[in-house]
Every structure is written in C-alpha cells, then in structure tokens.
Amino acid sequence: DFMHALEEVKAAFGVSEEELETAMAAGILHFSPYIENILKDGRLFVDLVRTSATTSLLSISKDSNFPFIKLVSAENMVGFSEMAKIQYLNKVFSDAYKSPQNIVVIDNIERIIEWVPIGPRFSNPVLQALMVLLTKQPPAPRRLLIIGTTSQRSVLKQLDLQAIFNRELAVPNVNTHAELASILREVQAFDSENGLVQSLNELRDITGTDQVGVGIKKVLLAVGEAKQEVGNVESRFAEVIAQQIAASRD
Amino acid sequence: DFMHALEEVKAAFGVSEEELETAMAAGILHFSPYIENILKDGRLFVDLVRTSATTSLLSISKDSNFPFIKLVSAENMVGFSEMAKIQYLNKVFSDAYKSPQNIVVIDNIERIIEWVPIGPRFSNPVLQALMVLLTKQPPAPRRLLIIGTTSQRSVLKQLDLQAIFNRELAVPNVNTHAELASILREVQAFDSENGLVQSLNELRDITGTDQVGVGIKKVLLAVGEAKQEVGNVESRFAEVIAQQIAASRD
Amino acid sequence: DFMHALEEVKAAFGVSEEELETAMAAGILHFSPYIENILKDGRLFVDLVRTSATTSLLSISKDSNFPFIKLVSAENMVGFSEMAKIQYLNKVFSDAYKSPQNIVVIDNIERIIEWVPIGPRFSNPVLQALMVLLTKQPPAPRRLLIIGTTSQRSVLKQLDLQAIFNRELAVPNVNTHAELASILREVQAFDSENGLVQSLNELRDITGTDQVGVGIKKVLLAVGEAKQEVGNVESRFAEVIAQQIAASRD
Amino acid sequence: DFMHALEEVKAAFGVSEEELETAMAAGILHFSPYIENILKDGRLFVDLVRTSATTSLLSISKDSNFPFIKLVSAENMVGFSEMAKIQYLNKVFSDAYKSPQNIVVIDNIERIIEWVPIGPRFSNPVLQALMVLLTKQPPAPRRLLIIGTTSQRSVLKQLDLQAIFNRELAVPNVNTHAELASILREVQAFDSENGLVQSLNELRDITGTDQVGVGIKKVLLAVGEAKQEVGNVESRFAEVIAQQIAASRD
Amino acid sequence: DFMHALEEVKAAFGVSEEELETAMAAGILHFSPYIENILKDGRLFVDLVRTSATTSLLSISKDSNFPFIKLVSAENMVGFSEMAKIQYLNKVFSDAYKSPQNIVVIDNIERIIEWVPIGPRFSNPVLQALMVLLTKQPPAPRRLLIIGTTSQRSVLKQLDLQAIFNRELAVPNVNTHAELASILREVQAFDSENGLVQSLNELRDITGTDQVGVGIKKVLLAVGEAKQEVGNVESRFAEVIAQQIAASRD
Amino acid sequence: DFMHALEEVKAAFGVSEEELETAMAAGILHFSPYIENILKDGRLFVDLVRTSATTSLLSISKDSNFPFIKLVSAENMVGFSEMAKIQYLNKVFSDAYKSPQNIVVIDNIERIIEWVPIGPRFSNPVLQALMVLLTKQPPAPRRLLIIGTTSQRSVLKQLDLQAIFNRELAVPNVNTHAELASILREVQAFDSENGLVQSLNELRDITGTDQVGVGIKKVLLAVGEAKQEVGNVESRFAEVIAQQIAASRD
C-alpha cells in the first residue's frame, strides 16, 4: 500500500524522513478516475510538469528518474525576513544545480509570497526572486524539475507566475456521491454497506442533490467527527458533510 | 458552581492562575439554549473545533482530554515589533508540539494581526505567519487543537483565514426579554421578581419591542450601573439598557 | 468657586500641579443645563464612563473615589517614535494597575494616533496598542476608569475605537443667545446689562437668527478681542462673533 | 519709510539681521486699501492672529508688544529627516515658552509639511507635531503669538490645520489697473506719468479688461524685465504683464 | 551551423563561455522570413538598435564591429538590495565606457525593475537608475550599443522607458502551420514527412484552424514531451500543442 | 561656428571641459525661427528665465554676465540615496551663493525627482528640497539664475513646480519639411540638393503630409542610419523618418 511505497521512496528522495512522513501522512485515496490521470500524466511528463497540490505531487515524483527532491515550504520560513527568504530560495536552487537531476517542490506558492487578497498585498521581492529562479536555466547538462502547488490559481495568473510553468494540473474536489462512496468505503467509515447507503440517502435528503464539491480533507475530517458519536455515525456524517457543502457555497 | 470548576481545571491546564482568573472572572451564565449547544458541540468536537469568543472556549476545553492550554493574546504583545510577534507565535506553536496533546487559543485574532477597517490595514507578516502556523501539521503522533476567537468574522473571511478553521461557532447576543430575565435572575439584579417584571415592562415601554440584541457584557455593566442608583434600580436599568439597544442599532 | 475646588482636588489627584493648572486655566462655566447633566452623569457613572472633551472630564473625576489620575496627551509625546509612544502608553497603564483605583485620561485620541483626514492616515501600531490597553482588564481586584476625549467622534467610530468605550458624553457648543448671554454675564464681558442687550441685538441684526453654534473657547476669545477696542466693545463683540458663526458654517 | 522702520524693529525682534533683511528686501507697497486693513487688523488683534503670507506678517508684528520673534522656515530645514524637523520645531516652541511674550512665525506651512498635490503626499509626523505644538498652551503666565503663512489655504483646511488658527487674513493680488498704477508710480517704473498711461493703455488693448489678478512679486519682476529693454520700456511692460495675466488664468 | 558560429564569436565577445552557452543553448531556428529580417535589420543598424528578446540579440551583435559585450540579467542579481542592483548597473556602464566600442545587453528589463502587474509595483530607484544610464552619453569618442529585451512592451511604454530606445524589434511567435512544419523538420521531430503531415492534420482537426500563435520555446517543449510517448509521437504532439494554443487564448 | 563659440565660453563658465563637451557635442542647428527667438529671449531676460531643454540653455547663458555655471544632472547622482541627493543639491546652491553672480542648471528635473507616470511615484523629499532651494533668495547682493529643463511640462505643473519658475520657454520639434530640409542641408545628409528633394518627396509619398513633428535628435540619428546604406541613402532616410513620424503618433 501507499505508506509502504512511501518508505521505499524516502531513501531515494534524500529528504528528511520526518518531513515527508508529515506531508503524506494520510496516504492517497484514488477516489476519481481524474486522480488516476494526474498520476499517469505526472509520471509521463515528469520533466515538464510544474503543477499544484501537495499530496499528489509526491506520488508523481515517485516513479521519476530524479534521485533528489527538495521541498520548499512557508512552514520552514516562519519569521524569516524578505531577504532571508530570498537567500533560502536561492540556496535551494543553487544546491539543486549541483546534482545532475533534481526536483524542487515549491509548496503553497501563495503563502511563500505572502499573498493576501485584501489590498492585495504580497512580498514583491520574494515573488521576483521566485520568478527569476523558476525561469533560470540550470547549467547544462543538469536538469531540474520544478513543481509548484497553489490553491489560488487565479492569483498566480494575475502575477504572471502561471505562464512560467509549462504545464498545469488541477486537483479535483470530491464531486459526486459515487466518489464520496468510494472514499467512505476505502476508509471504512461505516460498519456496513447499509450504513453507507443510509448516510448518503440522508445527505441527499438534506441537500436535494448528488453534487458534493468538498475537498477530500474535509470529507476525512467529517468521518472522524461522525465516528465520535457512537450509535449515530451515519446521521451525524450526513449532517456534518451537508454543513460543509452549504459552507462551500456561501 | 463555575468558579469552583474553574479552580479544578486550572491545575490541569497548566496556564498561569492569574491569567485564567482574569479571563474568566465573570463566570458563564447559561442564558440561552444556544449557549448550551456551543458547550455541547465544543466538548463533542474538541479535536476539530476552531471557534470564536473568549469566555465560552475555556469552558469547552475544560472537559476535553487535552492537558495543556496556551492563551495567545494581543495583551501580551503590546509594543512588540512585527518580527517579535511572529517569533512569539512561532515559539508558542513549537512548545505546543512538545507535549502529546495541546490546545492553543488565539484570542481576538483581528487584534493580533492589527486589523483596522480604514484602509484597511493590518500586519501582513503576522497574518502570514499565523496562516502558516494554523495550517502546519504537528509532527505525528502529536495532536493540536487550535481555537481562535474574533468579533470580526467577515474580516477573517476576506483574509482567507476563516477557511483554515474546520468549524465555526457563533456566540450569541442576549436577544429576548426571556433571556434577559434569566440573566437578571441569575445575577440577582433586583430585590424581587416584581422589580424584574417592572423593569422589563418599563424597558418594553421605551423600546416598544421584546427584542434586545445586546452583548452580555453590556447587560452586566448596566446592572452594575443601575445598582448604584439606590431606590431607583429598576427604572435606571430600563433606561440604561434602552440606551444600549438604541446604540447597537445606530 | 471652581478654581478653589480645583486646588483641593489637585493634591488628591497626584498629578503635577502645573499640568492641571494649564489644562483647567479657564474654569468651567455652566452655560447650559446640558453641561450640568454631563457633570451629574459623570459623577454617577464614574466607573463606567469613557467620554470626550478635556475640560469637563476633570470636573467629573473630582468627586469620584479614584485617588490617582494620569493625563495622557500628545503634547507629552512630540518627537516620539511610534515605538516610544506605545511604550509610554503601556507604562501608563502598567503603573495604573499598581494602585487599587485609578483614572487614566487619554486626551485628544485623534492626535495620539496621528489621525489626518487626507488619505486618511494614522499610526496603526499606536492605535492597536491603544485598543488592546483600553480593552485589557486590570488584574483583579484593581479598578480602572479610562476617559478618552476627541473632537472627531466619527473617526473613532470608523476605527472601531468608539465601541470600546462603554458610555459616551457629547460636549455641547454654545447654541443659543440665552446660553451666550449667561456666559457673557459670568465673565463680565460688558460694563452693563444694557451693553449685553445691545450687543446681542446687533448680533441678531447681522446673523438674522438666535442660533450661535460656536464653541465656548471661541466665545471667550471674542470677548478678549472685543475688550481691546475700548469704547466700542459691544459692536466689536457682535462683529467678531458673527464672523465666527459664519466661519463655523462654511 | 519701511526699510527704516524695519531697522528699528530688528533689534527689538532679536532675529538675525541678515535673515530679516532677505525676507523683507522689497519693502511693503500699500497698493490697495485692503492691505491697510490687514495691517490695522494685525496690530489690533495681535494676540489672536495666525495668518498667511511672509511679507505682511513682519509688519504686523512690528507694533506689537512682543519683544522676540522666531521665524520657522523650510529653508532652514533642507536635508533634515522627519525626526530632525520635529525636534527643531519642538525646540523653537520650547525656547519661545522661556520669555514672557513671543511670536513664532511658521512660514510656508505647506513646504514644512512637505505637501505635494499628487497623491497627495506630505509628512504626517511633521504635520502632527505641528498640530500639537500649535494647540499647546504656553505655561501660564507666558503668552505666545503664532503666525502661519501659506499659499495653499484649501490644503490646510483639508488637513484640519486651518481650524487651529483663530483668525485668518488673506493677502490680495494686484487686482485692478488702479492698484497696478499705484505700484508703478511708487517704484518709478516709467520716466513719466505719460509713459504709465501709455503702458496701461497698451495692456488694456491686449487683455481687453481692467482686471489684473497677478501677485505683486510678478509685477515687480515685470518692471525689472521691461526696464532692460531701454527705449521700449512701456510696451515691453505691457507685453510681459499681459503674459502673466494669461498664465494666471490657464 | 549556428553552434559553430557561436564558438567563433565567443572569444571576440569577451563574455564568460558558460554564460553565453546557457543563453544560446538551443540555437536559432529560422522559422519565418520575419526572423531573417530582424537579423538583417540588426546587423544593419547595430549602432542604433535597442531591442527585445534574448536569443536573437546575440545573433545581431555577432557581425557588428563591437568587440565587447556585457549581459545584464536579473539572474545575477537575486537577493540584491535595490542599492546593490543600482551599483551593479552603474558599474557595468562605467566599465563599458572604458573600451572604445561596447554592447550592453539588458535582458528581461521587466524582471530587473521587479515589475508585477498587480498594484502595479516595481522598483522605482532601479528604474530611475536604468533610465539615467540608458540616456547618458558615453564620453566622446566612445560608442555604446545598448540592447534591451522584454516580454512586456506595453509596460515599458507606460514607464516612459520605451521612448528611450531608438529602435524596436518584435520577436514573432510561431504563427502558421507552415512555420510550425519548418521547425518540426529542422529539429527532426518525427521519423518521416508522413508523420509530420499526420500530426499537423490531427492538430488542424482539433483546433479547426491553421493559426498557431505559440512561442517557439513551447513548441520545442511539446516536441520533447511527444517524443517520450514512443509509438504515438504524432498524436501526442498534436494533443499537446493544441493545449498550448488553447491556453494562449484563455 | 558654434563649437568654436563654445570653447570661448567654457573658460568663462568654469565648468569642467569634458562635461560641457559631452552635453553640447552636436552643436546647435538653427532650424526654425522659433529657435532664434528662444536664444534672443534667453539673452535678453537672462536674469529671469528658468526654462527647459539642455542644449539651448547653454547657448542662452553664453552671452550673459554670469561668470559661473553649475550643471545639476541625475547622471551625477546614480546610486545616491534620497538624503545624499538632497545634500548634493543643497551644496550646489550653497556654493552658488558664494560668488556674486551664478547660474545653476537643473537638467531633466523629472529624472532628478525620480518621476514615473505609473502610480505616479517620485521622491517627495527630493522634490521638496528642490522647491525650497528654487524659491530661496540668495543673500543680498548675490544674484542667482536658475534654469531647469524637462520633457514633462505637465508633470511639473501638477507638482506645483512650474509656478516657481518665472518664465517658460518651449523647445520645438522639427515640424515642417522646410525645417527638415534646412537641417539636412546643414549636416550635409545627401550628396546633392537633388537627393534631398528626392528623399523628401519619398517621405511625402509615405506620410501623405508635410508635417514632421519629430525631435531633432531623432532626425540626426535617422541621417546616421541612412548614411550606412550606401547607394540608397535617400530612400532609406525617407523610410526611417517615416517610421519615426508614425511612432510619434501612436
């Protein structure tokens, strides 16, 4: 299974074990055929792809021939001045040029450039450094795969950052009851298939639709929340996920 | 009663006695069934909730299994530079990762990020650090419950901060004469039930409605103010609370 | 009379004599019943009031049980950096927590936060520190009365500062000829009641109304200006005050 | 004449001779009855006036009983940081409090606060310091006359600065041919009264009006310019002043 | 061929070999007659031209009589402060004045001035230094050819930078199937002419047009991507380039 | 001729030979009667004029009685901080006050204040220092002629800078074929008058008008460019200048 696969990969990647473990703690559930495509696409075009969303990118890089991977995340830069961030980024890329084939993952780009929609404000020096580093050619014959993730595609577009990436992959929400059911089965949310059917029926009664449109993270949290209400897991799950659907629309 | 319960909790929480005592000095009055729900909700979903309003959250955490609690408040950061604030926040979270289960309470988020509606202005570096720290996964198998409070929900929404919290609880105003009466009884505002009825009748005469819509803090202040006018407490309370109702509408 | 009363108070207040003397040099004239109300109100609700306008607040605090008073004014902070201002404010409040009952007067809040309507601009760090300090509970069982003054009520409202104060008192202008006459009599502006009547008649001829709408400070300055034109004081006063009325409307 | 009067005053004023000499080099021409009024007004209300325009204010202060005068001008602050400007202003006022009666002249306020209409931008810290210093009461029984000048009255109004001054005096342009003729005679612009008439006729032919609307400084410069074209002074003056009139309208 | 020509040039240019090699790694494909014109134009007016787009400019300078060339790129300034950037620019120009004939290439001007369309923001000090240096005359009899490149012509126009350049050259996209075919042939994208025809037919089927409108860089990447899908190169190329065409329109 | 005249002047001016030589390298061509007027005007009113455009101002000052001249240009301030610029400006003016008669030339004012139309942005501290220095009276009996140049008259107007100058001179473009012909003859652009006629005819054929509207600098560059295409100079000149005319309109 995935957690096992991950362990094999870790050594190859050369990143600290703890970092990767945290980032991929949940495993990847294959809830829609689209996810399969991302992974297939990812493997196939691994030297071209620069895409979005933390979890799937690690899976993509797994089968590639790039032996080293470096994860750049705002979490490692809390309290850094702008200049310190730029130097950190610059160092990551300089190091990456030293081995023949590399992957640099820039996770949550909007957080690294300190984007906030009010204003809007962001760190232009960090953005500019990132733009230069993303465009810079590694000295021949070195190769570098750069993967970026974001939950604010339109922001990157406005900032002329999107055009720098050669290829874009969207990470889908859980969109239908069918996809939802596949996840609930995989994580064994309910004791029986009957419970699953009952819960989804209750959900359909509340929302009046088969549409879901909620991220997988919120689905998994709802499962955890429902399981605490022993004896009433099915109804509680329907309630909570209905709230999430409503919230995602407001 | 509550003050007693609090004392039991204090030791368990591991926060300084004085800090908690100040924050919860008034006790929690259960003036509406909705408050009951918040507390029940809180207990139930203690590992999911990230919610709003200082007083109720401490009650929520009381019955949880989290042995340590840390209160982050702008009051402890007066005169801090942006960088010092960020380092303080970072330290709180780093410390929280050290024990297996923790609660971090971020009180009055809008004050910590220095929000002001004119401009609007706020400290983007502090906001960004907060966003990263709120999203960061504690190293497995540690668990962390983060609770935030605010009186400016819409601000948090505009700042993309609200979406980081998994669950939201609204703290209600005192809305009806019935709720108002229950509070007045609990704090023994008047010498007799007759006095209570008379005061609320006078209030109804002034406002022409049973609606109140005033925070419990202002109700308690009005009681204190009325009690100073010995021999005329009922009328004075009606007057003062009527002014508050009018002010809350302008 | 007032100046005498003031002397009794000074010792009790514990503020430097010169500071108070400067601030209250003119004495308080009771030109309208409304002023009486402010003072009565002030005495009554001294532990709740946080209000506006330098002169009247010192009178309010006179009969209170608060033995210490601290005046925070932009005049003492000229040339301070933002950080120095915040530290000064912080120190005032910290000191105030040390004695059991205190009054802190924040005079001309709009000047302390460096408000200017063009932009608008102001010092957000100072504003934020003020908001936190105004909201902070003194450690039990200490009590603290905070009084703020401003001539820009709407600014404070826009900045969410007004809501922090529990109670608001407006300081009125001199609005009618009757109020104006009472002041002119108290300060003995003219040699005779005939002169007073003549002067107000001339004023009514110029303005065509009994409305005044000018602050008491400008009235007193007009008296001083008129008195310099010996032999023509009545006409000159009417002229000058008519100019002030016109200016206050443009 | 004026230059003589000035010399008598200088000693009394206690300002450096050279500074005053530069500022008043041109003498004051009494080209309109309005100027007379300003001077009369100025003398009369010398303890109330805070007004505009460098030249006339020195004349105003001449007959006052204030023995010391201090000129605050942006010319003495070129290259100062904001903080240095504030400290300079603070020192001027502190010094002024030391002698019993003083005049402080703030020349060209818009330049001291670094006003520019694009933006608009200005130094808010300097403005705020100025506002506080202008409002501050000198310690009793000291008296302080503050005179400010500006060529941007509306700017001061927008900045809430105008309201701080108790009285306002406008310095007029040269508005009519009659006023213009009186100046030309006083400075002996032409060799004969005939020349004067001829020149103003030519001017009327060009502009088609008796209106002038040009500052006295530009009139004096035009005289100097015309005098260089020996043999054609009258026509040249008419040409140049017509250009100035046109420019002042565009 | 080109790579050979380049080698001859390198010595003459006096730039570091590695820098040039990286910048021109791909060689110049002559895909449209327009490109020929740029090169011809470039050669002809080499002492006048200041133009756009990294690759072609090096070809332009090849046949000129300017023996030294200096490449100014944001890649060499990552992490520089504004002041350091300005000093770097200043040094490049000062050095260039030392030899009798020079070329300075300013690559990606919008990146050097840290342009971002949101705001918009950019480094005005760097821009201003650049404007002055671009306009400055080298001390006679020295000559200096300055070539600038940008992918944001309209930005340069808004910044008054465009007017400083005497001449402007546009670098075209690959616009037609004919141009696309010429490139595919030159890089031997497919095994046979048949494959080429098939692939372009498939492309025409998808897009419904002969228009392309994609930069040559993306065409070359698409070739690389297609070649990985052995046995299906033609269809895959059509798919990928169709996506690029769609993306360039959205 | 002009270059000769210049040499005579240089000694008198006391500026470094190289600086002047660079600034006036091209000589002044008298292409329109208007230029003659500027020079006449300039000579006549040399103690009043503050005007625009580098080349003509040096000619203006040649016949004046001012023995010293100081050129202030952004080229000498590249990499200066705001404060360093202000100190440099301040020093130039202080030095100028030391000799009895002086000229200070402020070249390209918009560059010195770092103006950019996007925003717009500029250095307000430098602008303010400039405004004060331009207005300041030199200590009597010293005289100072200040000449400013700009290619952005409307910017100076918006910044209230234009009003500080007493007189304004516009430097014209080459506007008609007649003016163009006079320049082409003076610089011997073509071998024969026939060639000149032919070239202007071709130009008229392309543009369909006798209007030119191009600065003299671009005309001279076009001549240089055309001369490189030996055997085709006339047609090439018509082509290039037609492009310039088109560009000046877009």
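Assorted remarks:
By letter and in written order, the chains are A, B, C, D, E and F; residue numbering begins at 1 in each of them.
Following the convention adopted for this analysis, a residue touches a chain if its C-beta (ideal position, glycine included) is under 8 Å from a C-beta of that chain, and two chains touch if they have at least 3 such contacts.
Please read these numbers as outputs of a predicted model, since none were measured by experiment.
Among the remaining chains, not one touches subunit A and also subunit D.
For subunit D, the chain with the farthest CA centroid is A. Subunit A and subunit B have centres, each the mean of its CA atoms, that are 34 Å apart. Rounded to whole angstrom units, the spacing between the C-alpha centres of subunit B and subunit D is 59. Residue positions of subunit E in touch with at least two other chains are not found.
Contact topology of the protein chains: cyclic, one closed ring where each chain has exactly two touching partners.
Think of the chains as beads on a loop: from subunit B toward subunit C, the beads read B, C, D, F, E, A. Those residues of subunit B that touch subunit C in the shared complex are 18, 21-22, 25, 74-75, 78-79, 81, 111, 114, 116-119, 121, 218, 221, 224-225, 228-229.
Residues of subunit A touching subunit E in their complex: 44-45, 47-48, 83, 86-87, 90, 120, 122, 124-125, 127-129, 131-133, 135-137, 139-140, 158-160, 166, 168.
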